[in-house]
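So the structure is just underneath, and the comments pick up after that.
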Amino acid sequence: MRPSNRQPDQLRKVTIETGVTRYAEGSCLITFGHTKVLVTASVEQGVPPFLKGKGQGWVTAEYGMLPRSTHTRSRREAAAGKQSGRTQEIQRLIGRSLRAVVDLKALGERQIIIDCDVIQADGGTRCASITAAWVALSLACDKLKEQKLITGNPIIDQVAAISCGVYENTPVLDLDYDEDSSAETDSNFVLTGSGHIVEVQATGEKRGFSRDEFNALFDLADKGAKEIFALQLSALGR
Amino acid sequence: MRPSNRQPDQLRKVTIETGVTRYAEGSCLITFGHTKVLVTASVEQGVPPFLKGKGQGWVTAEYGMLPRSTHTRSRREAAAGKQSGRTQEIQRLIGRSLRAVVDLKALGERQIIIDCDVIQADGGTRCASITAAWVALSLACDKLKEQKLITGNPIIDQVAAISCGVYENTPVLDLDYDEDSSAETDSNFVLTGSGHIVEVQATGEKRGFSRDEFNALFDLADKGAKEIFALQLSALGR
Amino acid sequence: MRPSNRQPDQLRKVTIETGVTRYAEGSCLITFGHTKVLVTASVEQGVPPFLKGKGQGWVTAEYGMLPRSTHTRSRREAAAGKQSGRTQEIQRLIGRSLRAVVDLKALGERQIIIDCDVIQADGGTRCASITAAWVALSLACDKLKEQKLITGNPIIDQVAAISCGVYENTPVLDLDYDEDSSAETDSNFVLTGSGHIVEVQATGEKRGFSRDEFNALFDLADKGAKEIFALQLSALGR
Amino acid sequence: MRPSNRQPDQLRKVTIETGVTRYAEGSCLITFGHTKVLVTASVEQGVPPFLKGKGQGWVTAEYGMLPRSTHTRSRREAAAGKQSGRTQEIQRLIGRSLRAVVDLKALGERQIIIDCDVIQADGGTRCASITAAWVALSLACDKLKEQKLITGNPIIDQVAAISCGVYENTPVLDLDYDEDSSAETDSNFVLTGSGHIVEVQATGEKRGFSRDEFNALFDLADKGAKEIFALQLSALGR
Amino acid sequence: MRPSNRQPDQLRKVTIETGVTRYAEGSCLITFGHTKVLVTASVEQGVPPFLKGKGQGWVTAEYGMLPRSTHTRSRREAAAGKQSGRTQEIQRLIGRSLRAVVDLKALGERQIIIDCDVIQADGGTRCASITAAWVALSLACDKLKEQKLITGNPIIDQVAAISCGVYENTPVLDLDYDEDSSAETDSNFVLTGSGHIVEVQATGEKRGFSRDEFNALFDLADKGAKEIFALQLSALGR
Amino acid sequence: MRPSNRQPDQLRKVTIETGVTRYAEGSCLITFGHTKVLVTASVEQGVPPFLKGKGQGWVTAEYGMLPRSTHTRSRREAAAGKQSGRTQEIQRLIGRSLRAVVDLKALGERQIIIDCDVIQADGGTRCASITAAWVALSLACDKLKEQKLITGNPIIDQVAAISCGVYENTPVLDLDYDEDSSAETDSNFVLTGSGHIVEVQATGEKRGFSRDEFNALFDLADKGAKEIFALQLSALGR
């Protein structure tokens, strides 16, 4: 039995509310149960130095947790003077995941910066961030098209992420914090709408895991991703 | 005429919603028009080293702006590796303002850390932060009393803050961003429910100002603070 | 009775010696009783990036305390790897105060950097710094005029600062360290020669204060500033 | 055809030389073709603060590349003042991989720090580091047993890592730099001697990949790991 | 001919004024021509961690230059966020030089921190700092004896430093900035009152130098040091 | 008797192996007994900003120790976030030593960066680094000539370094760690093939030393350097 009484293959309630900030070119607030992440997409002229003059754009991401988004307060990274290894790992993953479904040439020499700020954390914040980042990015690209700044569509596929894990020897979908902190295995799958894999990360937290277990996690992820892809489209009114 | 069509002595619509996060001992979301700040109060055992063994507690504050809380994206302070001078100035002010109305002995050897995170900025974020911080702090103290961890009431007065300025030669209450960015004079008043002054900061941004102008700002602040004190009590259900 | 036996409205002995360093375009050593601050004004070609090509100059300030300028040694900020919040707050205040009386267009595309280094601290270092900074800045502008690098006079008014506070329930002028560390209220007034207010900062350190007390502090500041303006002019030989 | 003329399932020549430094409790130099990593294991009394008094030890890892271990010189991280996100990600992975096969209780309250320094990089440095780290860690544990500082054996399984990728649409084992920089998919598998999975990371660098491709990579990893486990034992003279 | 018209073996005018700050246990202002350094000695209870419980004291030094102590303004190290390599090299040298003539056991478990702050730089600041540091340190030890906190005399010898160089092919004593910036060879000698060498550093800035040249520099240093030792004693009133 | 049974004027066994890395334009591994340093020379287009457009090149050096190159593990500087004062002092010395024998004009507008990484430390790492750096630099210049990127020879002399010290009252050549850690005096001589001195640093670690002792150290250094110059040439096959 899962602490939340969910079925092994049941997602938490997922909601995606768009247009939640006044200034960002794209924005949404995503919830996965008690996990809440505010995501904005900001369009900036110009590209990082390594891309100057190459006729293409760039998409990158930053991630942060509000100090009291967690059960006990974490130190504010700005006060500590640096981003933790975990933060950097997550923001690199978000950026890679998005770039896998973006035609950077179609963006022109501009950069879209995604900011994922966790308001409340109950497990799965990196997956919620990737999922919402795709929505915010899509909205920002829509705006560029409306403003006739670009002609083509830089978004070539959907991308979303979902966590799975082995909890009390049962493979389960969408771990919440209670499950995550005691799961034997934790994994994150970043998948595309057209059925490809962008990134898989699986870790045996408490013990190694078998290939059968891994395949069961993969099946759960496939199922969960399909539901999430539908929610992304619905949030965009498509 | 103010850009927002408000009367010179008219506040923006102010709302204070409490209990907005699941984990913090006290929390609220304050809005002043389009300005939105999420404030949490976290109780921690122990005090900073300079207070060890003195039989008293401590209250301190941290402040941050989400990168895209502003019209154009600002650099994330955690990525920059330090908090700006402005950030430090504001968080020091919030801490001082709260400590002016707290009986630190009554807290016992524990610390309450206030986190003020600006979700959307349209002027007046430091005043909104102080005003909301008092509410979150009160909620956290209520919780300490409920849990019988303290007996007395550490909160000895209300405290709130409001900005005023001279805009197109007219003293006005509660500057929004449009006014703030072109005001001749900008000031912040931190006042207590019992009618005392905790902090006054007034700056001639474009030109020096006269003592008469200053007194007019002070009168506006007194009027605005009274309305805000009522909203604080109402948010606490008193 | 004040620890220094001064009258409530009596300044400490203030001296301003100009031309104290060999290289700086303007310099002076100011003393307020035992407080001593060495101030230099350095002229540099060019302006910060945000002003490039706008046909105007800039004035900015930095502040520091020698490690043993205080009763007990403070950590050297260069060794600590960062400037404290207090240091940043003070240097921002000095810069703002000076810019309020400078015609930045008349400076041309050059920057004047003021360095205020506290040799000995006995209260009032930020006020002494602002007061001396105006003298050093004036000397640097005189030099620019002598060298025919500018034609107009960028200095459009005098500016000086003075602290006041409520000490044992009496409003007093120009707090020294003994008073400052036990005053109920501490305030700094930055005023111009033509009678305007540039900046007011007042804090209830031990308790809130009343508007009457505040007005009494303001009256003391007005009186003190007049004496200081005369000393500034005298230091410049005018 | 692979640039190195290897078969798709063929490892580069792998060598592990032990005892290569005079001071470390355990050490080895591993080569995977032109990739060379020097790994040391250092035993230190005591554990990190979060483990104090829990009756267990700790294993952690640090990773670095010599500035000219790469085709063009990279900036020295010590001079840059921080470790890159990539470096932190790799050293966290090495630490997690080792802890999956160590009985931390059997170590007692001591810490073993693994240092992996890349002398020459030609792809696969993180996998080579993990593989060699297990050898160095085993040597350090042997030394603790010889010195009768511990009685049991903290090493409960072998662990090694290997990269695989899809190169010109063919799944291949053990990518070198030429392959890695143009592969469509890159993956790292951390596996145990007893056949469990500790960590899987797979990224579609150029395009998403299919589940069939992923399974082919997994098969290659299984085959390669078996060869590497034998080399580890041989290096230890078992 | 030297730019200053001095003889090759002639020091600049050297003055040492003691007791120049109100708070430090020892202090002096040293001038070597236009070079001016303010030096304080601060006594602190306790020693650095590596000396805890060893029944001895410690002497260490810090060095800094005011930003406009030089011909053109240098960046403030506190603002830059770190001390330069040159600064660290100099403060390490000052500390070593002093410890060579101090009986650390006689100090007891306390630390004396020397702060050397360059008010105006015209060459030779590190030598002036060492020379003055010995005076400030002696004054601080005198104070400890007066207060009966120590019984013996921790100062076992005098120490002073002087620069020499080959300027236009002539060995000269006590380089000023004009000479230093174009000298072929630059050297610093740290010598004791009893005729020993504590430290020698000689660099061929423009070209290598011969052993004969080096010996000539050494002779000059010996002569100069004798004069400086007399000035140190005179400053202490001995 | 020296711990290593060497004669007072006897070097440890010194070897220099060239071409030890695949990518660097010049490289060698030097050993002085148990001390091992890996040195690479990297050629980069362009020069530091202060040399732009001056028609000359630059040579600079960086130095690091692997964390477990020493008896007990030292903290990794990249993890600590800064290079120690000692590291900076050494890398500045290496750079100065090399530039003393290089015709920077002959290099053209390019920079050669020397990286000295200590694999194992047993005393004398800075001298070994300088000695090997000259070899790596020469190899890199040879490569530039082969590629016809330069016509002249930028290397105008040999340079090498050797340490000497007074150990148990006897001047000895080439201190190893055992001697270094208990020597009364430690010195480093950087000398050129043509018999000039580039840099001398001598420190009385335990006590001051006499000029006679210093001269004896100098004689030893001269003898040792001659042997090392021959080894450098031999390593280059000349």
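As written, the chains take the letters A, B, C, D, E and F, and residue 1 is the first residue of each chain.
The rule is short, and it goes like this: a residue touches a chain if its C-beta (ideal position, glycine included) is under 8 Å from a C-beta of that chain, and two chains touch if they have at least 3 such contacts.
The chain list, named the UniProt way, goes like this: A, B, C, D, E, F = Ribonuclease PH.
Since we're looking at a predicted model, the values are computed, not measured.
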{"item": "Path length in the contact graph (chain A (Ribonuclease PH) to chain D (Ribonuclease PH), fewest steps)", "value": "1"}
{"item": "Number of steps on the shortest touching-chain route linking chain A (Ribonuclease PH) and chain E (Ribonuclease PH)", "value": "3"}
{"item": "Chains touching both chain A (Ribonuclease PH) and chain C (Ribonuclease PH)", "value": "B"}
{"item": "Of all other chains, the one whose Cα centre sits farthest from chain B (Ribonuclease PH)", "value": "F"}
{"item": "Superposition of chain A (Ribonuclease PH) upon chain F (Ribonuclease PH): rotation angle, C-alpha, nearest 5 degrees", "value": "120"}
{"item": "Furthest chain, CA centroid comparison against chain E (Ribonuclease PH)", "value": "A"}
{"item": "C-E, A-B or B-C - pair sharing over half of the A-D contact pairs", "value": "B-C"}
{"item": "Chain B (Ribonuclease PH) and chain F (Ribonuclease PH), separation of their C-alpha mean positions in angstrom", "value": "59"}
{"item": "Separation of chain C (Ribonuclease PH) from chain F (Ribonuclease PH), taking each centre as the mean of its C-alpha atoms, in whole Å", "value": "51"}
{"item": "Chain E (Ribonuclease PH)-chain F (Ribonuclease PH) separation of Cα centroids, rounded to whole Å", "value": "28"}
{"item": "Residues within chain B (Ribonuclease PH) bordering two or more other chains", "value": "82"}
{"item": "Ring topology as an ordered chain list, initiated at chain B (Ribonuclease PH) and continued via chain C (Ribonuclease PH)", "value": "B, C, E, F, D, A"}
{"item": "In the complex, chain B (Ribonuclease PH) residues that touch chain C (Ribonuclease PH)", "value": "82, 85-86, 88-89, 91-92, 96, 100, 157, 187, 191-192, 194-204, 207-211, 214, 218"}
{"item": "Contacting residues of chain D (Ribonuclease PH) [partner chain F (Ribonuclease PH), same complex]", "value": "21-24, 27, 34, 38, 40, 42, 44, 62, 64, 66-73, 76-83, 87, 113, 115, 117, 119-120, 122"}
